[in-house]
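Working notes, beginning with the structure itself.
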Amino acid sequence: MKLDRRAFVKLIAGGVGGTLLSPLPWKMADDTAIWSQNWFWRPSPERGSATLVNTACQLCPGGCGIRVRLIAKKNAVRIDGNPNHPVNQGGICPLGASGLQYLYGPSRIETPLKQTGQRGDVTTLKPISWDEALDILATKLRAMRQKARGLVCVSGKRQGTVPELFARFLHAYGSPNYVLMPAAADAESLGMFFSQGQSGLPGYDLENAKMIISFGSSYIEGWGAPARMQLAFGNWRSNTKGNRARIVQVETRGSLSSSKADDWLAVTPGTEAALALGLAQVIVSEGYYDRSFVNQYSYGFDEFKRLLQRNYTPEKVAAITGVTREKISALAREFSQTKPAVALSGWGQGRMQGSVYDFLAVQSLNGLVGSLNKPGGVTKKPSVPLAPWPEVVLDAISLEGEKEPRLDVGNEVQSSFPTSLFYNLVKNMNQGKPYSTQMLWVYEANPAHDLADVEPFIEALSNIETVVSFSSFMDETTQLADLVLPGPTYLERLEDVLTPPGLQYPVFGLSTPVLMPRFATIHPGDMLIRLAKSLGGGVASSFPWSDYESALKQRVEGLAQKASGRVADEPGVEPWKGGQGSKLAPNYESFDDLWDKLVEYGCWFDTSGNMPAWDSAFKTPSGKFEFYSQKMRQIGIRGNDITYLPHFEEVEPAGDPGDYPLLLMPYETLIITNGPVANPPFMTKMLFDFQLKGNDCFVDINTKTAANLGLKEGDRVTVQTERGSLEVRVHVSGNARPDVIFIPTGLGHSGFDPYIKGKGVNANAILVAQQDKTTGLASWWGTRVKIYKV
Amino acid sequence: MSGNESGKIRYGMVIDLDKCTGCMTCAVACQQENNVPFREDETKKVRSITWLEVFYLDNGKPYPEHRKAYLPRPCLQCDADPHPPCTFVCPVNATQRDEETGLVAHIPVRCIGCRYCISACSYHARYFNWWDPKWPKAMEEMLTPDVSTRMRGVVEKCTFCVHRLQLAKDKAFVEGRQELEEGEYVPACVEACPAKAMYFGNLADSHSEVAKLAKSPEAFRLLEKLGTEPKVIYLSSQEWIHKLADNVV
Amino acid sequence: MDSALIPEGVKRCSFKAFCLWLLVIFGVIGFGIVGGFFVLWKGLNVTGLNDYFGFGLYITADLAIIALGAGAFFTGFLTYVIGKKELKDIINLAVVVGFICYTGAQLVLLLEIGQPIRGWFSFWHPNVHSMLTEVIFCITCYTIVLVIEFLPLILENRQLDKVPEFHYFSHNLHEIMVVFAATGTFLSFFHQGSLGGLYGVMFARPFAFRTGFFIWPWTFFLFVASAIASGPALTILVTMMVQGITRKKLVRRDAISLLAKVTGFLLAFYLVFKILDTWWWATQTAPSKGMSFGEFFKAPYGMWLLFAEIVVCGIIPAIILLTPKARNDDVLLIVACVLDCAGIVINRFVFTVQNLALPVMPFDHWEIYVPTWTEWAPTVALIAYGALIISLAYRYLPVFPRERELNPID
Amino acid sequence: MTGENKQQSSGLLGWVLFVLGFAGALFVGWIVFPQLLFSTKYQPINYNHSIHQEEAGLSCEDCHFFLEDGTFAGKPKLSTCVECHSEPQGETEDEAKLVSEYVEPEKQIPWISYSRQPDNVFFSHAAHVRMAEMECTDCHQDVSGQTKAPPVKINRLTGYPNGIIKMYVCENCHVRENVSNACDVCHH
């Protein structure tokens, strides 16, 4: 019995046969198929029941209502628009839709940090406990209380109860230096002050307008409330609803706003205001203006008319702007005869300050055609009827502080301006005049990156002993901070979101925590209350609340007492539709009911039916809309007649034209955020490869200019201004005007996470702000530049 | 959907390019809705996964006659008979058209990554996972459980958010309804569009908004001559945009 | 050991020289394995492929070597089915070359797909409509046929042949070889065609799309024709190469000439239809898809490719091969065969890469494909793999039945 | 003769060996292999369906219900348990464990699923239970009246429980019931 080869073969054959008749090979094959599909290292998202939570977006001032989709009540997996919200009606912008990438983003700051080494060295920013952090801050504040004016707070957020608490803290502490980041709103607010005698911002009734002329505003690329503008634009382009409106864009660059307009007037850089005045001249000289308004409710028309006839005839304006006389005349006639029509101002996204005269020129045009405070026109953005807090309790030091000169004021006249003048602050902090800055707070702002003409600001920091950042993210300013007190992100905190820029009806959005804070962060409101209490005295008495929530509720009671306004509990609301005098019956019975509904639906709003009438709207010395501003005179602005009238001021850009033959202009786009947060991965991914390629960003150069300079698509070049130089690549484009180079802003971060860090360059670094001597505003619009191959 | 005599369903999309502001919210909403992965460098566009890609169009004229527009391109869910270009070629049945809805599905776990379908699609609507998808650890919490994550070496593409169809149907079923109302099932891009430039519905239902819009004189489809029968229809009043819809000999 | 394996009555180079030669080959193969390993480990991101070029060098190489491997089935067809006995001289080599081409192609295919561990899904979940399914099935079957055809030759090794079972088995296989030759012919015909169909059916790709007959686009038939018009050319080329390297006459010249003549006829036949197809494509098919012929060619994939493919690598070798005097000249014959093979490589390249470079949407753009070393290395290793198999086969197997007769050892 | 004999015996032996191989392979394939392929896991709490049905008077739907949005809640969340078990109701060890380990620290119970499908499979309970009016027990094991939670067999290769419905089962039923078998009906 030897097991020979044959026998062995038979054993094997039997085995094979048996195996084939057993489930082994078949089950194995099937399971292998499943196994090969598993790839265990790939995340498998947790399942669970889904809920939608309404809240308000705070990534920009746009005031959108958003819904967060939660899985198993803990994982936020989607943000979309709240269909009930009147501002965005279910739509959303790319930044809002990317919000979760901030909540879960890798650049979140998890604990308070203290700089233990050289300022700016991120590796020596060490985690400390909240008690220690707040103790450090309180100790320093106590120590410098005698020099309370040395505390400066920069806020990127212009409205809401938290910025108000910051302002209140500084007031109670004894510093006049609560300063807002610069924006077109500064010029607008000043312009409203000069022409209408009251501070405030314009609110445009765009939903009812039939013709819109936009003077340089990127109306679909982030100007105003971005999602509301997209919605309005969709309606202007609607064939079905009879909402179709005509859009004319006045802008140097071939932006999307230019391309999407019915007509694009490609003006000489910085001459938008001249064109507005040219239109005004035609309207006035041809008698198309609204006589009832001009005759009864305006002041200084004759002086204005004389100026127009003298300086802004179509011929002269054609020479300034490059738009033909015929076009100017035709557009003026169309604008004055289409009702209602409105003109928009505010360059780009409204992130740059701009000139007050530009605003006045455009606003005068609105006045001439009777579009002020009329449906389809422009009004003063209505305020939300919140209840006031008790008065700040002033002690000896804070009483003294009230009298101190503000650091952002350049001269006597400017101290009565209702605006912050940030570039003055930068200058004064740098020079330590009239007094030095001991401590800088930065809240909801990233000036070390976002400030146009950023270099002087960074230099100024070296004169400041302590820089405190309240940011939730490792941004560039936070990198330069000595103490970091991270707040929760907007999805983890309670806060009010007030009427967004440019809106004509009041909105109160409530942002509520949609999930437990991911890290041990403290709400800035609570932080301030705690800090105030630990300082004692008047400061403590000014903060009587137990926490931020009770402070907020106190103000919201104002809404409960109002007889008009609703919580947005149903889709499709159109607060602009009711006409003048329309009211909304409240759908809540008491404060508690209102609060519960606000938490549930996220938004309260009222109609646009409360535009003030012409006879009561203007708080000027004349009680009228002032083409010729007596207010300017009154507060002591010196000059000739033209100074008090809307006019066009040619600003000479910085740099010697011989050395720097071209003009550099920044541009903003909706797909690159310019806010205090850096672009999220979702959005950066969508940049075209002629906007970002690897780590290079592109400047747009006109086809002919590029050919003259011997530059081809994709060439690496240096763009140099007198402020500095940057390395970029060339995109040859029909969007660019000959001899003007366009550079995107918002890139070039050195902070944040690997998804944005080091991508592109920060255009702000080489721009030079041109400050207007009278107003102190940066009326800046371009910088001379030269460009050469690397 | 109601008002449809034949009962046939052909889900389709209409995108009004005149209303489109090029804000790219659709593309962002899509990435979020479908767990589309992202990498640190996404600028090599021929390797970047964007189920809904936005194309840049221009009229080719010099400044200041230059005009541009953005064209969002989801998967066009070709209705060509009997097969779309892509499903026809797949060797492993990883992609098929659901003949009850007209939706072209792609099932990444079945896919072997041969990329034949990528080659067959003239719209570049299909994407290959050149890398394993990776998210920063914390961001894994924001992945939606409705769409499974993919792995390296497989193809993926827009599905018109077909998972939303299932969710909508579930809701209807529990409420005792068999049919969906118009608007109950809408992809994420359409829902997010702030300018309301995107419409979605049943093209086979002559009463639906999309069917009406599709008949507009402003309507066109991409590369009509190929015979792919896309179910995404564009609207534009601009002649130069119409010219870019197809090649002209 | 080495000498015991070498067939009786023939002379081979020294074992040392052979080892040195193998070392070179293994070097190249090793490089290819490293490249292949890189691709498998890191994924296809290490290649030059992208969402434009879903197919690239791997597929070009695969298609080209499969076409060139057609020499095996066609020579088999001529030898066994038609009965051209003089080709028995060359049939073994043709089978070896075919075996190399098909196994090599499958190895590269494994790298090419994104999920190699799911490669078998095409058998487990086949889609019958897909040309690729047909290709995968046919290639797999035909590889098995080639293994069976190769087997008797391996079993004729001096030592293996001593095992009686092997001896009988190989003898029996020889007896029924006509069946395998016929099967191979059938399978090959279909998958060569399906490879063409692969492109021809892409109706959304105007460069590749062709009208056709029933379910088969014209490329189906053109790929069959081009494969049989170039496969034998490779067989001739390899024969000449082996003869050159060994400095021996291994095959009778009339066998080579016969094959060259047949190749010439086939090439001419193919070219007629290729030119007709190109003309129809340029004037009818492409315009119906909205494209003009000129749009198909843009740098670097210019019109020169078409000229090179049809004139330089088509008409010229056809003329040489059809001219008795020319094809009897060794140099001209080699030139013709090289051109013929290059022509088919260009053809497969154009269908694979240029096809995909072409933007179909008017607002789209041309892309250029640049393969990386991880693609080149396995592709080059494929050639080394061929050299390895041929070297081993030549040294240890009676590949050339007439070698002893033609090179008597004195 | 001896040669023949030898051949015969070896032939016989050959067949014996063949049968041996055959039977051995069958044994391995049918008996040993399934044992090796699956691991056994036990639920964190030995849930007693019987006692909940009979003594507490609960119906299946009290814990396994549909949500308003049409999704199926599946296994109950802790909040459902807490409705009755904020304090121990009886004296069983498992209940004590429930209260001390999960209810008090407010920790979800990590139930092991008997039928967890891969994450690319989306099974609609609404379609099957509400529209097709299928019984739960058509797919799931009937646990009503059981006093112990059955152990879960997990496939070591795939990681999925052995109770999951295979795709061909879905497909066959869909064909029978004339329901779409398109991929995206279940996979996304």
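We just call them A, B, C and D in the order they show up, numbering each chain from 1.
Everything that follows uses one rule, which is that contacts are C-beta pairs under 8 Å (C-beta built on N, C-alpha and C of every residue); 3 or more make two chains touch, one makes a residue touch a chain.
These numbers come from a predicted model, not from an experiment.
Peer 1: Taking the mean of each chain's Cα atoms, which chain ends up nearest the overall Cα mean?
Peer 2: Taking the mean of C-alpha atoms per chain, the most central one is B.
Peer 1: If you average the CA coordinates per chain, which chain's centre is most distant from that of chain D?
Peer 2: A
Peer 1: From the mean C-alpha coordinate of chain C to that of chain D, what's the distance rounded to whole Å?
Peer 2: 51
Peer 1: Averaging over Cα atoms per chain, report the distance between chain B and chain C in Å.
Peer 2: Those two chain centres are 40 Å apart.
Peer 1: Once you find the CA centre of chain A and the CA centre of chain B, what distance in Å lies between them?
Peer 2: Once rounded, the distance between the two centres reads 32 Å.
Peer 1: Using mean CA coordinates as chain centres, what's the chain A-chain D distance in Å?
Peer 2: 55
Peer 1: Which positions in chain B touch two or more other chains at once?
Peer 2: 44, 56, 93-94, 109-110, 132, 145, 148-149, 151-152
Peer 1: Identify all positions of chain C at which a residue touches two or more other chains, and write them in rising order.
Peer 2: 115, 118, 121, 124
Peer 1: Find every residue in chain A that makes contact with two or more other chains and list them.
Peer 2: Residue numbers touching two or more other chains: 37, 44-45.
Peer 1: Taking the top-of-page definition of touch, could you list the pairs of chains it picks out?
Peer 2: Per the contact definition above, the touching pairs are A-B, A-C, A-D, B-C, B-D.
Peer 1: State the interface residues of chain C toward chain B in the complex, per the touch definition above.
Peer 2: It is residues 43-45, 49-55, 112-115, 118-119, 121-122, 124-127, 129-133, 136, 198, 201-206, 287-292, 295, 355-356, 360-364, 367 of chain C that touch chain B.
Peer 1: Considering the complex alone, what residue numbers of chain D touch chain B?
Peer 2: Residue positions touching the partner: 66, 68-71, 118-120, 122, 124-127, 130-131, 180, 182-185, 187-188.
Peer 1: How about chain A: which of its residues touch chain D in the complex?
Peer 2: Touch list, chain A to chain D: 1, 4, 6-8, 10-19, 21-24, 27-28, 30-32, 34-35, 37-38, 40, 44-45, 49-50.
Peer 1: Quick check: in the complex, which residue numbers of chain B touch chain A?
Peer 2: Residues 16, 18-19, 21-25, 27-29, 31-33, 35, 38, 40-45, 48, 50, 54, 56, 58, 60-70, 109-110, 132-133, 135-136, 138-145, 148-152, 188, 191-197 of chain B touch chain A in their complex.
Peer 1: In their shared complex, at which residues does chain B touch chain C?
Peer 2: 44, 46-47, 55-57, 71, 78, 80, 83, 85, 88-94, 110-116, 118-124, 126-132, 151-155, 222-223, 225-228, 243-249
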